[in-house]
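For reference, the structures are reproduced in the following blocks.
The two complexes that follow have subunit A in common; it is paired with subunit B in the first and with subunit C in the second.
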Partner chain A sequence: MQALAELKEQIRQALPDLDVVIGWQQGFDALHTRPLFIRSEEDIDKLVVNEFCVVNPASYLRELRGGKKVGLVLKGCDSRSVIELLQEDLLKEEDLTIFGFGCNGILNHTKLQARFGELGFIQSIENDGANVTVVVGDNKETVPFTELCADKCLTCVYPNTLQCSHFVGEESTKKPESEKNKALEEFEKLSLEERFAFWQDQMRRCIRCYACRNACPMCVCKDHCIANSREPKWLSEEVDVQNNFMFQLIHVMHLTGRCVECGECERACPMDIPIMLLRRKMAGVIRDVFAYNAGTNAEDTPPLMCFKVEEPTIEERH
Partner chain B sequence: MRIGVFVCHCGSNIAATVDCPAVAEQAKKLQDVVFTTDTMYTCSEPGQNEIIEAIKEHKLDGVVVASCSPRMHEATFRRALERAGLNRYMLEMANIREHVSWIGKNKERNTVKAFELVSIAVAKLRNDQPLYANKFDVTKRVLVIGGGVAGIQAALDCADAGYQVVMVEREQSIGGKMAKIDKTFPTVDCSSCILGPKMVDVSQHENITLYAMSEVEKIEGYVGNFDVQVRKKATYVNWDNCTGCGACMEKCPSKKNVDKFNEGISTCTSINIPFPQAIPKKAAINPEGCLMLQKGKCGVCAKICPTKCIDFEQKDEIVTEKVGAVIAATGYDMFDHSVYKQYGAGQYPDVITSLQYERLMNASGPTGGHIKRPSDGKEPKKVVFVQCVGSRDPAVGRPYCSGFCCMYTAKQAILTKDHIPDSDSYVFYMDIRSPGKGYDEFTRRAQEQYGVQYLRGRVSMIYPKGDRYIVRGSDTLAGTQVEVEADLVVLAVGAESAKNAPALAEKMRISYDSYGFFMEAHPKLKPVETNTAGVYLAGSCLGPRDIPTSVGQGSAAAAKVMTLFSKDKLESDPQVSRVNTSRCVGCMKCAATCPFGAIKEVTDRAGNVKAEVIETVCQGCGICTVTCPQGAIQLQHFTDNQILAEVNALCQAQVDF
Partner chain C sequence: MACKFISNEDITLWLEALAKDHVVFVPVDDCGSVTFRPLAEGRKPVLDRVPVRSPKEAVFPQNETLLLYKYEKDLEDPEHSTVRIKETLPKERAVVFGTRPCGARGMTVFDRVFDNERIRDPYYATRRENTLFITLACNKVESTCFCHEVGSGPADTAGSDVLLTPVQGGYTAEAVTERGGQMLEASVFADGGNKCAEAEEVKKATREMLGEAHDYSDAPEKLLAVFDDDEFWEEQAAGCISCGACTYLCPTCYCFNITDEATGTTGKRLRTWDTCMSFQYTLEGSGHNPRSTKAKRLKNRVNHKFSYYPDTYEKNIACCGCGRCIKSCPASVDIRAIVKAAQARGAKKESK
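Let's look at the complex of A and B:
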């Protein structure tokens, strides 16, 4: 990113007033980044911003609640989680300093792996925005970016950080490839029995490691997640299809009208279960029923967080 | 735990389609159940005594009664438990009447379902905890919404009993529809002569505060302690100083305003006192018609006013009142007859509504009590009345009978003959419904003594012919089509709920039916109470009512308020939400979704934000408990564990009988 120097300078200036700034740093190889917690000047140089910055820094906010002054470097999609948390009164706007930029999409490791084998064998990777050139051994292959990017980038309508204190570089003019997620579209063509069979099959693989829950920036119940609760006891500890499915459905219901579709759950899933399908479906229902897009305007009240006698989008009386 | 199960036959109500002894026998096998029996009437004295004796003899900790709806007898059985020394919340009811015997006739399957409901109740009871009520103070003031005859009666009764009354009336004057009426059936009393003195009493009574031209903006709180915000709408006249002399009305140059009090059949000035007996007798400016407010030019009234009380700058004002009870007597509106295009209503000047006709006959009306056709001022010699316009007609969404139209039509027909002795009246009717005291005699008198022609059948069409009208309808008794040539047609329009009734019901948190009429707590046994404690109803806001019923209900509602106010302390219901603070993360979603404003934000010792339930405000609806992601807020007596136990019981293998 060309504006990286500018971003670093902005963080440098803001840092004295902040407890921490969360961004990304280079990971164990060129294809991975990991979260960076900037607490001192020297940390700033470690900051990177590229198409491998997949982690949503907003996921760390729940641990930082309560008066800490936090800076965040956020992609467009990540910023929606912050806005949603602000809407839900779980954060205070004055505690946050957001550094925004225009995002052109991120790459998906699972797709890279499926195409080029083990990521460790990739020698170099270059991205010019439209195409990704990958060198593995003697092979050099050029693939359109859209074939390797994260699914959420294909339908992304918020490439620029929404509501930020500082914005660096130029705004992204990236347009969504399609209006609706392809997988969801395919899924919706299935009959109810087929859908159920599909999920039964997927849930057989779930190991209930709760990585999806832990990575979710909107999961705020912390130690009192009902998945672990003994009082009342909703779920058995038994890892079977029924209980797994029940847990995933509870998770989806807790995210109804709140999920910003950042995709962290699916990315974190070690079993590659397409749980974003459930969330996208529910977000679609909320859009249809309440004409509401989670986490796009801090002034909005999420539809399931308010009591209205009559919903403007639902005709109850004739 | 030791549980007793009592299965009620309810005479043959339940026993005819449920094998009650078998249900009781099978219930013995449920966990913790040590005693079961079936009785003819569990709610009767011997039935209740049986419960009390069983509690003592078998050392029961809790009781399941399988009988009717808890709405009917939960309180009864709770008292029985208390008499036996148990906590009253150690009772569960299985509704095997409304939920089983009344809806299915297959005895075998009914018996299975009844047993399932009993096992659910036992499972819940095993998780129940004793609960204890708190006591709180009562504010002994009452709010009466609506100044019609029902509201006036309720206000006067409460005020005479020594309680402070706040009356809020939407219009400029109290009196409601009755003030517009000329004579009342069946005695043909002068309406305003019997209502007028009561209206004066309201204005004179030291215990009544009257807000006319006002509407209830907000009601918060709970029985005994309501906070009410009243919006006093701008009248542009300082009512403290206005003497009602009427000088402003005489000089106002804008005289083309629609006269609402006269149902639009005449015009009035922009500054106006609606009628001579108005209470309060104060002038108000209609801002739409006022030249000063619209164009900034005129101000004649301000110059002429002897007390200088015109104030063009006046704004709406919000006043706050504290009351302990609310009586809603908001009345009704007339059905908009213009949907009957075939009657030409609103199009033909001489097709008018019954209330317009009432104003024409009224001595204080625009014609001084002379019946004149609106089109040319001639005296009509042939008047046709069309009944059930907007009543008993599913086609216009009004399938119900408005109740009083048969009577007022007979009255108007009789009065027509009195006013114009050489006139003929015709009434197209569907059925004559006149069940009140002296009512049937009255409609007969119209037919037999006054020679009013009653034709049974609906009118299909009304159309003009020259300066008269042809009313075409059927005579279903003669089996023929009839056409009557009329000088004037009066449509007996039905009643519908007041325009803002649903919005007001939401403010008061009471239920209303699909037509917008308020719902009583029980149609037979609680006819003026609502399901919200401390809110009572009177008059036509419940459905169309005539004057005697409205007055009776006004007094009934007042009696309910007095019963409430006879206690210095009330008991709160412990079936409310409670927060487990160690689980609460302070997201306050519960407060955001609470429709009663019963949850407030507090800070614990460590400085963390936590939710806290205001026990007396909480209505126990449970919205917060399903909103809270952590399950940190639980509704007492309906906790997650209790409901899960019920679901688990229901998912057990089916028992065959």
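Let's look at the complex of A and C:
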């Protein structure tokens, strides 16, 4: 990132008034970053911003609620989760300081793995924005960025951090590759039976680790989630297709109208289950029915938190 | 150890022969990720990737029915009902094919806990007795591999019955246990000949790729020294999202929950995996939770593996170094780095 030094300087100036600033730092290898919690000056130097900054820092806000002054370095998509949380009155604007930048997209580990084998075998990787050059053993391959980036980046219309306190560097001019998600379009062509068979096969693989839930910036129940409440007990401990699917449907329905499509749930899934298909579908329904796009404008009221006599998109039968 | 040879083509024949009287678990491409599934028509073993799920589930499945029960009303005395119980000990014989040495070593961690002089878990012990492990030595290593640091290595035989090593055109096969030796009597095996020297070279080269091993031997006491250092644990756990993926994929994590899953008057007593990373794990009936924060939970996971377990079981670390917890962690939490940080922190304190 060109303006990294400037970003660090902004954080340095803001830090005395903040409890923590959440960003990213280098992880255990060149392909991984991990969240960075900046509490002191020395921590600032660890900050990195690159195409491996996949984690959504807003996912940690839930734990930091209650008067803590929090700074966040956010990609455009991440910033939508903060706006949605503000709309829902789950955060206070005065507690937040947001550092924004123009994002050019992130790489997707699952796609890299499908293409090059285990990530841990990749020796080096270079990205010039348009192409990614990967070295594995004696092979060197160059692949277009769009084939390896996160799906959300292909349809991204908010590459620049929305509603931030500080913006660093130039705005991103990244344009969406397509309007709708390709995988969802393909999926919708299937018959109901085929869709059901697809999910049966996928849900069989779920290990109910709840990484999808815990990575979600909008999942606010977590420790008290109905999936593992014991009194009353809604879901069996049995990890089978039926219960796994039930859990997924609960997750999707509880997030409908709130989900900002950040993709963290699917990214976090160790079994690579394409659960974004469900989330994107429902987000589309909410856009169609309520003309509402979650987390894009702090002045909006989420459709499930208000009552209107007439919805602009629903024709009333009088 | 006698060394034999089996060609790539004959592997399939061998597995098919084993499948006649065993459930043969093989690593397969399962909608993109590699998991162990029973050998079946059209399922080709994937041997160049490390399975995302661990081989433990052949012996310690995520769901295990311990018994079936049924309530029956006493017709003479409707106030009372009797319960009938049916034991469901596992019977099937299984072979796990293509696990890595780290994964197979995980079974030795289980053995000490579930089958010792004091305790014998009949479900575990029966499956363990009925399951054979055919392990595949590694010829390349990943950035998350650290088997060599926890007393293992890319050609470790602990927990295995047979060790295969990839060589030109196939694999050399060495028996580790007597039962492994019997498996190698099958006609698909030829004498190893000069392949055996090649296999030794592969093992040596892979071990070299891992480089120098960090020494964890003083970890138990160093971890204890930082036990009450909340700042340390909060810092280490800051990125963790408390999901438990690390423990479910771990070949050495063995915590479980037991619940009665009822449908009307019948039901089953089920054992399912549990995880110390979850809030519910230590949630008491009163509502009090002694491990109320993710930092306390992560502290338990790390300490259990690198401190409590080695203290209880002759210095054996309850980690096989496979790196699954690191590789699949949504937040890239690195258990190696946490233990090292604890060791370094201890040292810092001492020097004061």
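Please note the rule applied: the second predicted complex is superposed on the first by the 314 of 318 C-alpha atoms of A that agree within 3 Å, B and C clash if a C-alpha of one lies under 4 Å from a C-alpha of the other, contacts with A are read in each partner's own complex, and residues count from 1 in each chain.
Everything that follows uses one rule, which is that a contact is a pair of C-beta atoms (placed from the backbone, for glycine too) under 8 Å apart; a residue touches a chain by one contact, two chains touch by 3 or more.
Everything numeric in this text was worked out from a predicted model, so none of it was measured.
A.B. asks: Would subunit B and subunit C fit next to each other on subunit A once aligned, or clash?
C.D. replies: The answer is fit.
A.B. asks: Touching A:Val220 in the superposition: subunit B (first), subunit C (second), both, neither?
C.D. replies: Only subunit B; A:Val220 stays clear of subunit C.
A.B. asks: Using the superposition on chain A described above, determine whether A:Ala268 touches subunit B (first), subunit C (second), both, or neither.
C.D. replies: After superposition on chain A, A:Ala268 lies in contact with subunit C alone.
A.B. asks: Please indicate which partner A:Glu88 is in contact with in the superposed arrangement: first for subunit B, second for subunit C, both, or neither.
C.D. replies: After superposition on chain A, A:Glu88 lies in contact with subunit B alone.
A.B. asks: Pick one for A:Asp29: touches subunit B only (first), subunit C only (second), both, or neither.
C.D. replies: In the superposition, A:Asp29 touches subunit C alone.
A.B. asks: By the touch definition at the top of the document, which applies to A:Trp234: first (subunit B), second (subunit C), both, or neither?
C.D. replies: So A:Trp234 only meets subunit B here.
A.B. asks: Quick one: classify A:Cys306 as touching subunit B (first), subunit C (second), both or neither.
C.D. replies: first
A.B. asks: So in the superposed three-chain picture, is A:Leu119 touching just subunit B, just subunit C, both, or none of them (first/second/both/neither)?
C.D. replies: Only subunit C; A:Leu119 stays clear of subunit B.
A.B. asks: Tell me the angle subtended at the Cα centre of subunit A by the Cα centres of subunit B and subunit C, rounded to the nearest 10 °.
C.D. replies: After fitting both complexes on chain A, the angle is 120 degrees.
A.B. asks: Give the label of whichever partner, subunit B or subunit C, reaches more residues of subunit A.
C.D. replies: The larger set of subunit A residues in touch belongs to C.
A.B. asks: Tell me which partner A:His254 touches in the superposition: subunit B (first), subunit C (second), both or neither.
C.D. replies: Only subunit B; A:His254 stays clear of subunit C.
A.B. asks: Aligned on chain A, what is the least Cα gap between subunit B and subunit C? Give it in whole Å.
C.D. replies: 9
A.B. asks: Please report the subunit A residues shared by its interface with subunit B and its interface with subunit C.
C.D. replies: 222
A.B. asks: Spell out the part of subunit B that touches subunit A in their complex, as residue ranges.
C.D. replies: 503, 506, 514, 583, 585, 587-589, 592-595, 607-608, 623, 627, 629-632, 639-641, 644
A.B. asks: Please output the residues of subunit A touching subunit B within their complex, sorted ascending.
C.D. replies: Per the touch definition, subunit A meets subunit B at residues 66, 88-90, 220-222, 224-226, 229, 231-234, 254, 301, 304-307, 309, 317.
A.B. asks: Which stretch or stretches of subunit A touch subunit C in the complex?
C.D. replies: Result: residues 27-29, 32-35, 37, 55, 59-60, 63, 110, 114, 117-121, 137, 201-202, 205, 207, 209-211, 213-215, 222-223, 228, 230, 236-240, 264, 267-268, 270-273 of subunit A touch subunit C.
A.B. asks: Report the residues of subunit C in contact with subunit A in the complex, numbered from low to high.
C.D. replies: 30-33, 35, 48-50, 52-53, 62-63, 140-145, 235, 238-239, 241-245, 248-249, 257, 259, 261, 270, 272-273, 275, 278-280, 283, 294, 323, 326-328, 330-334, 336-337
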